[in-house]
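Scrolling down, you'll hit the structures one after another.
Across the two complexes that follow, subunit A remains constant while its partner is subunit B and subsequently subunit C.
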Partner chain A sequence: MSALRSKAMRPWWLLSPALVTITLLVVVPMSLILIYSFYINIDLGVDRPAFSFENWSELFTDSYYHVAIWKTFRLSVIVTVLAALLGYIPAYFIANTTYKHKWLLLLLLILPFWVSFIIRTLSWIHIMGNQGAINGMLLWLGVIDEPLQMMFNEFAVIVGFIHVFLPYMILNVYVSLEGVDRNLVPAARTLGCSPWQAFREVTLPLSLPGLAAGSLLVFVLTAGSYVTPLILGGPNDFLYGNLIYDAILSELNWPMGATLSFTLLVLLGLVVVLYSRIMGMNQLYKAFG
Partner chain B sequence: MGWNLIRLYAVAVYIFMFAPVAVVLLLAFNSSQFGGFPIEGFSLQWFEKLYENEAIVRAFKTSFVLGIGTAILATTIGILASLALVRYRFPGKAWITTFLISPVLVPETVLAVGLLLFLRWLSMPRSFALLLIGHTIIALPFVVLVVQARLVGIRKDYEEAALSLGANPLQTFFQITLPLLMPAVFAGALFAFTISFDNITATIFWRPAGSETVPTQIFGMLRNSVSPEINALGFVMIVITVGVPLMAGGLARYFTRKKR
Partner chain C sequence: MKISSTKRYETLRERMGNGDMDRRSFMALLGYAGMAAGVAGGAMTGLSRHAMAAGTDIYFEGWGGVVSEALRKHAFDPYTAKSGNKVIDSAFGGESEVLTKIKAAGSIDGHNMLHSSGVSWYQRWVDNGYGSELNEANIPNMVNVMDAIIKPFRAITPNSLSAVPYDYGTTGIAYNTKYVSKEEAEALGANLLLKKELKGKIGGWGGDWANRAWYGALQSDQDPNNIKDWDAVWEKAREHRGLIVKYWESGAELMDLLAKEEIYVTEAWSGRVAALQAQGHPIGYLDPKNGLAWMESMFVLKGSPMADAEELLNFMLAPETALAVAEGQKYPSSLDPNKIAMSDTIKGLPAFDPTGKLEGLVFRDPTTWNPVEKAQKKQWNRLKKGA
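Up next is the complex of A and B:
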């Protein structure tokens, strides 16, 4: 009996370090964020335990925060839609190509994950900045006399985000396209579909789970960022994450920082719950296999 | 016709993904005093400057120790958890899997603030240990995902054979399971190292005063323009985070082919 029990316990022993780590260092801190959001800020880095709705009422009434939420939502939607449009066709190409070095195309897709995020982001200054490749080329060709201002605005931030998150989209769409039965499209064609119809009626619906998983990742990653706007944006291109950064690291207003963080967690949590209700969570894991 | 357009589009997207990075690699060798175009000549001086810059060398050391520490912690915890998830049946498995993966979906900013508040609550100052623990949490779900995928491919028969031939469970683990696991261990460790080495979002919150990792050092050096030193630093970082896994993958392929 005890031997049987010890065998049944074994997976729990193996799991315990991971479970303890995540409970202690993720779940407990998240609860602390909620508790701290009711504290009162007194001065720089000084606060008092309390049960006050001051921070929450500030968040709900001050339009500064609403603008940031709206801006973040809008920008995340733009980035997600553009990433889907840009990413679907390459994924389709990789899944259907007869090129014999397909592994190379896949490797090139994984490669960006290994290239430093900050390097990939700042590299756009070399492309679109005043001394960047585009301006250099146009000046040299004599098309323009003065460099075009393409940097440190919302456009640059969007380009930076798409550049960094596009591989997530392509990989997810590719994985679901790869899973589509190869006989379905020829079958649709023999039944009289045009190639475009076959794509629209067969391939596209079957690849939607991958497109949805990729979109979720891109949306959540964009909406939680603050570094990209700091590097590529102007003074007005801040996201919700920048408010958290300011509250915690500049103003040392911990209770407000906690309130803002908890709100971000809940808002993005809602997006994830909505997604998992519709799609389930399995597709999200597939891209890593 | 249609297919050619698709191919052209795919190639264009690949260029979009790689051209900016290629430009950084190229500009690292530019002799100009400015970080951008035009290219004036070939020079290795920026690499020399890099080596002489104490702050950068220190940041590299910090990043390395942090990355290796994260790889060891996250891989150890992750392998044990993955073994349980792949090898055993137990109630609530789907829930546990979701729980272990869920930190991926928590924005890093929120993870960072949470851990900082936890520290504040314990009245502890920011330290290297905070960075190490924090990076481990960020890397852990990815390690679990990657290792799990590798583990599914390893058959259980070998272990059962060893057990039936009289090896005890511990012997079986170290002599049979672990060697078979090595590719998964390696993949997980490499992934964890890269995640830690590259992290900036949470690191900016967690770093102790006066301590920098390579990404936060670069972030601090950026002032509307990119200095040539940053290009050289980018070159070195890319060589490490891309070159090492590629070489490891290549070597692994070479050896498995040789064995056959």
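Up next is the complex of A and C:
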């Protein structure tokens, strides 16, 4: 009986380090944030412990927050789709190249991470700005008479996001493509498939776990961002994260900031749940090799 | 003759190998050697910590860019060389960011001194319980600071100051002289920010609600220190929003936008414009009637090493230091020009007041601005996003 019980407990013992870590670093802080969301902000930086639904009521009834949620999900979908389209091609190339120094190509992907995220984002001003490389070239060639306004709008924000998050997509798709059996495509070809058909019927479905994992990662990272729109966006370009930034750092209203933060966590959690319902979480593990 | 530890160990091992020593004795001797090394190492570590603690670390947070560069070059580095204390300086996004960090951490660890903006923030730090008590006897150079600039701070904490006023400036209007003439700028004043023909080439400071409200008050013909009609103020802010390409968030961003001609007109900090002018950019500067003036202080947080902080403040207020910093950061010093001779460069800085009384400048009155801040700041954050 005791041996049976010991055997039943073994998975829990093995899982305990992970469970303790997750409890301490995720569950406890998020619980504190949830508790804080019921507090009342009396003045800037001055909060009173309470059990008030005031902040939640404001969140549910004020369209200001709903618009921000809509804008955030819309932009996240756009960035994710574009990153998937743009990321698949280099991932496919790296996975199938016969170049013997493949590690060099992967290193090139990781290289941008050595430069600060802020610096990488700011660099777009020097590329797409009025006096940036693109406008300079077009003016020099005589294609345009006045600089094109490419900065401080939604386009610039999307470019900034894709620039920063594309490596996550490429790496995920690459890992997935690397796991595909090399004999499958030639086998499909011998059975009469055209190259495009072989890709569509064999390679693409087998690389879907990586594509989906990359998409999930890009979506979640985009939806939680606030710095990129701050640097590259105009007055209309803001995400839900910017509202959290305002509440916590500008208005010093921590209870409202906690309410907004917890809501974002729940919304992104729902996206992950949706993913797991459609794809199954085991696909995520497959994608990560 | 000295024998190294390695040689001693090899000799012992050889003796054991030859059978001159049993294994137990060999292990015991190794154990004693280890203990000796541990004790000696522990003592040395303690001593090295003591040696490192000979100089105090003072954590300073400021506005970054040319302002931080001037402070580092003319104040912090020479002070470190002289005193042995190390000033660890970094840039903040705003004082609210620091307040948030300190509140979240529940301690001021890593935060001692701030380049604090305005009397409003002085009040906020004090109200939140972070006000230290400076011993002015340890800061003899304070006698040279203008009475007019100390007065508002002393009104908040009459018994002792938590900060020393260090510089002042204005938030006026910067304009690119290639596209806007001086005459036009002066004729339009604050309404230059609402010129429809410049749509898409106008900027605005997004970080401070009160700055936007101040200009909204000027544009709606109200006294900024006695605003009666807030709707009219925000209506002007909306009008401005419809014309701008970008709200900037930092001094460095402001300078970049103006220098690269992404914007032609914006409200701007006088010192940053002076820095751009010094770099040769065609940028003019206008302080409209009732334009916004402000003063900055070096605020010491409660719980900081006070004697060292006071020593640093005294060093920073020494005329040779304060004037060098003023020339570097392009903001006039808080030192009284009637007591300390100013250089021609400082006399030529925007906002410089040769009288030392600051009567020509209009500062934000905390008694009218602080009570409305919670509500109006929220209003501004929404309006900024088009709500």
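General remarks:
We take it that the second predicted complex is superposed on the first by the 249 of 289 C-alpha atoms of A that agree within 3 Å, B and C clash if a C-alpha of one lies under 4 Å from a C-alpha of the other, contacts with A are read in each partner's own complex, and residues count from 1 in each chain.
The definition used in the following text is that contacts are C-beta pairs under 8 Å (C-beta built on N, C-alpha and C of every residue); 3 or more make two chains touch, one makes a residue touch a chain.
What you see is a predicted model; the values in this text were computed from it and never measured.
When the two complexes are overlaid on their common chain A, residue A:Asn236 makes contact with subunit C while staying clear of subunit B. Once the two complexes are overlaid on the shared chain, A:Gln149 sits against subunit C while remaining clear of subunit B.
With both structures placed on the common chain, the touch criterion links A:Leu211 to neither subunit B nor subunit C. Applying the stated contact rule after C-alpha superposition, one finds that A:Ile69 touches neither subunit B nor subunit C.
In the superposed pair of complexes, A:Ser250 makes contact with subunit C only, with no contact to subunit B. With both structures placed on the common chain, the touch criterion links A:Ile125 to subunit B and to subunit C.
Of the two partner chains, neither subunit B nor subunit C is touched by A:Leu171. Legend: residue contacts after superposition of the two complexes on their common chain; A:Leu44 is shown touching subunit C, with no touch to subunit B.
The intersection of subunit A residues touching subunit B with those touching subunit C, taken from the two complexes, comprises 125, 129-131, 152, 230-231, 248-249, 254. If you check the complex, the residues on subunit B that touch subunit A are 2, 6-7, 9-10, 13-14, 16-21, 23-24, 27, 34-38, 76-78, 80-81, 83-85, 87-88, 90, 96, 98-103, 105-111, 113-118, 120-121, 133-134, 136-137, 140, 142, 144-146, 149, 194, 197-198, 200-201, 204-205, 214-215, 218-219, 222, 224-226, 230, 234, 237-238, 241-242, 245. Residues 93-94, 96-97, 99-100, 103, 124, 128, 200, 207, 209, 241, 244-247, 249, 253, 256, 260-262, 373-374, 377-378, 381-382, 384-387 of subunit C are the ones that touch subunit A when the two sit in their complex. Of all residues in subunit A, only 43-46, 64, 67-68, 125, 129-131, 149, 151-152, 230-231, 234-236, 238, 242-243, 246, 248-254 touch subunit C in the complex they form. For subunit A in complex with subunit B, the residues that touch the partner chain are 8, 10-12, 14-15, 17-19, 21-22, 25-26, 28-30, 32-33, 36, 86-87, 89-90, 92-94, 97, 108, 111-120, 122-127, 129-133, 136, 152, 163, 166-167, 170, 195, 220, 223-227, 230-231, 241, 244-245, 248-249, 254, 257-258, 261-262, 264-265, 268-269, 272, 281, 284-285, 288-289.
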